[in-house]
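Should a chain be cited, it is by its letter among A, B, C and D, assigned in written order, with residues numbered from 1 in that chain.
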Amino acid sequence: MKIMITAFDPFGDDTINPAQEVMKRLPDIYQTSQIIKVLIPTVFHKSATYIEEALKQHQPDYLLSIGQAGGRSAISIERVAINLDDARIPDNDNNRPIDVMIQQTGAPAYFSQLPIKAMLSKVNEKEIPAEISNSAGTFVCNHVMYQSLFLTNTKYFNTKAGFVHIPFLPSQVLNRPQYPSMSLDDMVVGILACIEAMILYYDREDLKLVGGKTH
Amino acid sequence: MKIMITAFDPFGDDTINPAQEVMKRLPDIYQTSQIIKVLIPTVFHKSATYIEEALKQHQPDYLLSIGQAGGRSAISIERVAINLDDARIPDNDNNRPIDVMIQQTGAPAYFSQLPIKAMLSKVNEKEIPAEISNSAGTFVCNHVMYQSLFLTNTKYFNTKAGFVHIPFLPSQVLNRPQYPSMSLDDMVVGILACIEAMILYYDREDLKLVGGKTH
Amino acid sequence: MKIMITAFDPFGDDTINPAQEVMKRLPDIYQTSQIIKVLIPTVFHKSATYIEEALKQHQPDYLLSIGQAGGRSAISIERVAINLDDARIPDNDNNRPIDVMIQQTGAPAYFSQLPIKAMLSKVNEKEIPAEISNSAGTFVCNHVMYQSLFLTNTKYFNTKAGFVHIPFLPSQVLNRPQYPSMSLDDMVVGILACIEAMILYYDREDLKLVGGKTH
Amino acid sequence: MKIMITAFDPFGDDTINPAQEVMKRLPDIYQTSQIIKVLIPTVFHKSATYIEEALKQHQPDYLLSIGQAGGRSAISIERVAINLDDARIPDNDNNRPIDVMIQQTGAPAYFSQLPIKAMLSKVNEKEIPAEISNSAGTFVCNHVMYQSLFLTNTKYFNTKAGFVHIPFLPSQVLNRPQYPSMSLDDMVVGILACIEAMILYYDREDLKLVGGKTH
């Protein structure tokens, strides 16, 4: 099995992105699967271009994108992406779309194609806090999740896509200690637990609804 | 213009529902519009039956549903509803659907048909905190918003629907003072400000995208 | 009975101070008591000079100081003040003491002389959220509470002193809707409820410990 | 140098106490210092009896007590303990003191005798979030800090005492993922960083005020 992971480069005031740090630490082979790592820019649309390029090249079974959600305290497995960009701050290319549809021919939303509830259980088995999230926001994270699912629902039918948000790293909150964080070690274990669940449940058609997959 | 408001009866451990209290305090006529008030049960699907019944009877121009979101501190104008019930606790008829699609023939999500950004501005003009929310959860609130928009998108085309969450009332947090609340007076003023914006922008086709209306 | 109230002028990025707004709205006579209002600067030591001047002039039975605690959601009745200034930001005269004792001859801390638990009950009776707080911080609020109690414990023995923190006003959080706030009306009712409890329990020596008065 | 560490057994609904887990993982010798470990009961007064017994036996240079503060996200170095027990829930022997003074002959409060600002810096150097806290509450944690400082201020003059709160462990928040937590590894590194600062600054009389030591 081939699993493609994407992570963002840093954005806003942060000089590192925990998603990138986690991706660096993932092995190239995990259990029976090959892990392919793709760094993408924190930029509307350009990020999706990178993703389509990599999908075309690698034809993975899974596409799991990882992003930072500052302020959340658990590994946050996203359930759904919506067809809308609405940016409170500019992205890394200074785009700031407000109430703009992502894909004119896309569905209003796409649900994750990953076994999200099984992923939640696996992460918890490792004693790492996790949750299902019902919103990936309206910034580049939701954009990438939406674009990935648009691609896998309309063109790259052999790939299943989804998104996971991770908290700040401890080093990112030294000056704002009231913010929650998670250690890099725990994040890596958590993402590997997600991947384990993905490998385990790939062929279980009967479990499809477990992922909140509703169409 | 006819504006239909719905509010829930109390659920869970709470003996009152702020939405119901706010609805009681709304006038029957506001500016040029008639306000029709409908109390609905905090029950999956049964709530939607009440709403369709009332839509058929009153044929309103707008349907604005109000619900409680304990823990939020501002009037929270919902942007989108998703086609999924996933209940952490039972509803008032003891239903607890887990990962169940709401409408087999419905879209994965519907965006609010209300001028949500204009509503946000109007509420803020009254010096009352407000925000756009990207998730109405997966309990009865999201269910009612989804069902309303399913009905107005597939059958009751002359009605525009949407949902607003309101915080706890002060009286609901006396034993949990770390939770935010909002006074009933401010909630009423806030909901009237929402209605003002709805009246004002009803015919502004050019503003349609202002509501994140993406299809 | 004479009750002296103090409130701060605005500080930091805020252009209004809810304490000042509340004070303006208090009556000059409440029940059997005269209310004396004193505006004090948000400045270390200078605030205390204003307070001593007013104590000398008015010889009140009670001194109740009010301050803003942005981020708290309830009326927050302070239990204790500590003998230390430690400022994260400068005060309105650009002083920024770090780890400086307030009074060389003062106690390490003074407990409020107000009937704080009875005040809590009275505020709750009005259906307004309240709590006992165990720290007034280390900025000008703690400074004023400490200085007031130093004065009433060492010189102005006929006055009982204490401090109450209040949340942001709704108008202060329009751009940060995730912050809790409280309506001015509810703040005024809450502070009047505090005053009611103070009047009611002035002579109840047996209730002294109810206020956490430990000396 | 001899450094005595205390940790509580579990209390309330929690079956483990992170303080105890951290203490187990500390070495017996660290740098130039001997580490002595004492488990104490989560019980008012009985905890203090254990501490005095151990002080008498070991005559340590430092006494550092560690406790859990569920809901905080950083290592929380306490500045001050107050002379008051006020328990919202019973302790492990079912005592629930309300507004009771701890020591009739004690000061209203004692400031930590540890170099708290230097400890904060050292923990941050390890890239672990930390903060100075101005309240250890009014439950057994404040009790133990107060009793320790009462003992070192009145009888065991060769020992310097203080208290550090630590967050929940990840395993404690699996069912409440909105709560912050910290990995056991990071807690251990954080406490060792505190100890490093304590060793380094033991003899620096000029730095005494750095700890907010005000008498």
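By our rule, a contact is a pair of C-beta atoms (placed from the backbone, for glycine too) under 8 Å apart; a residue touches a chain by one contact, two chains touch by 3 or more.
Computed from a predicted model, the values in this text were never measured in an experiment.
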{"item": "Minimal step count in the chain contact network, chain A to chain C", "value": "2"}
{"item": "If a chain touches chain B and chain C alike, it appears here", "value": "none"}
{"item": "Relative to chain D, chain with the most remote C-alpha centre", "value": "B"}
{"item": "Whole-Å separation of chain centres (CA-atom averages), chain A against chain D", "value": "39"}
{"item": "Length of the line joining the C-alpha centres of chain B and chain D, rounded to whole Å", "value": "48"}
{"item": "Centre distance in Å when chain C and chain D are each reduced to the mean of their C-alpha atoms", "value": "30"}
{"item": "Of all residues in chain A, the ones touching two or more other chains", "value": "none"}
{"item": "Every chain pair in contact, whichever chains are involved", "value": "A-B, A-D, B-C, C-D"}
{"item": "In the complex with chain A, residue positions of chain B that touch it", "value": "79-80, 82-84, 86, 99-101, 107-111, 117, 132, 134-135, 137-138, 209-212, 214-215"}
{"item": "Of chain A, residues touching chain D in the complex", "value": "73-74, 124, 127-131, 170-171, 173-174, 177-183, 185-186"}
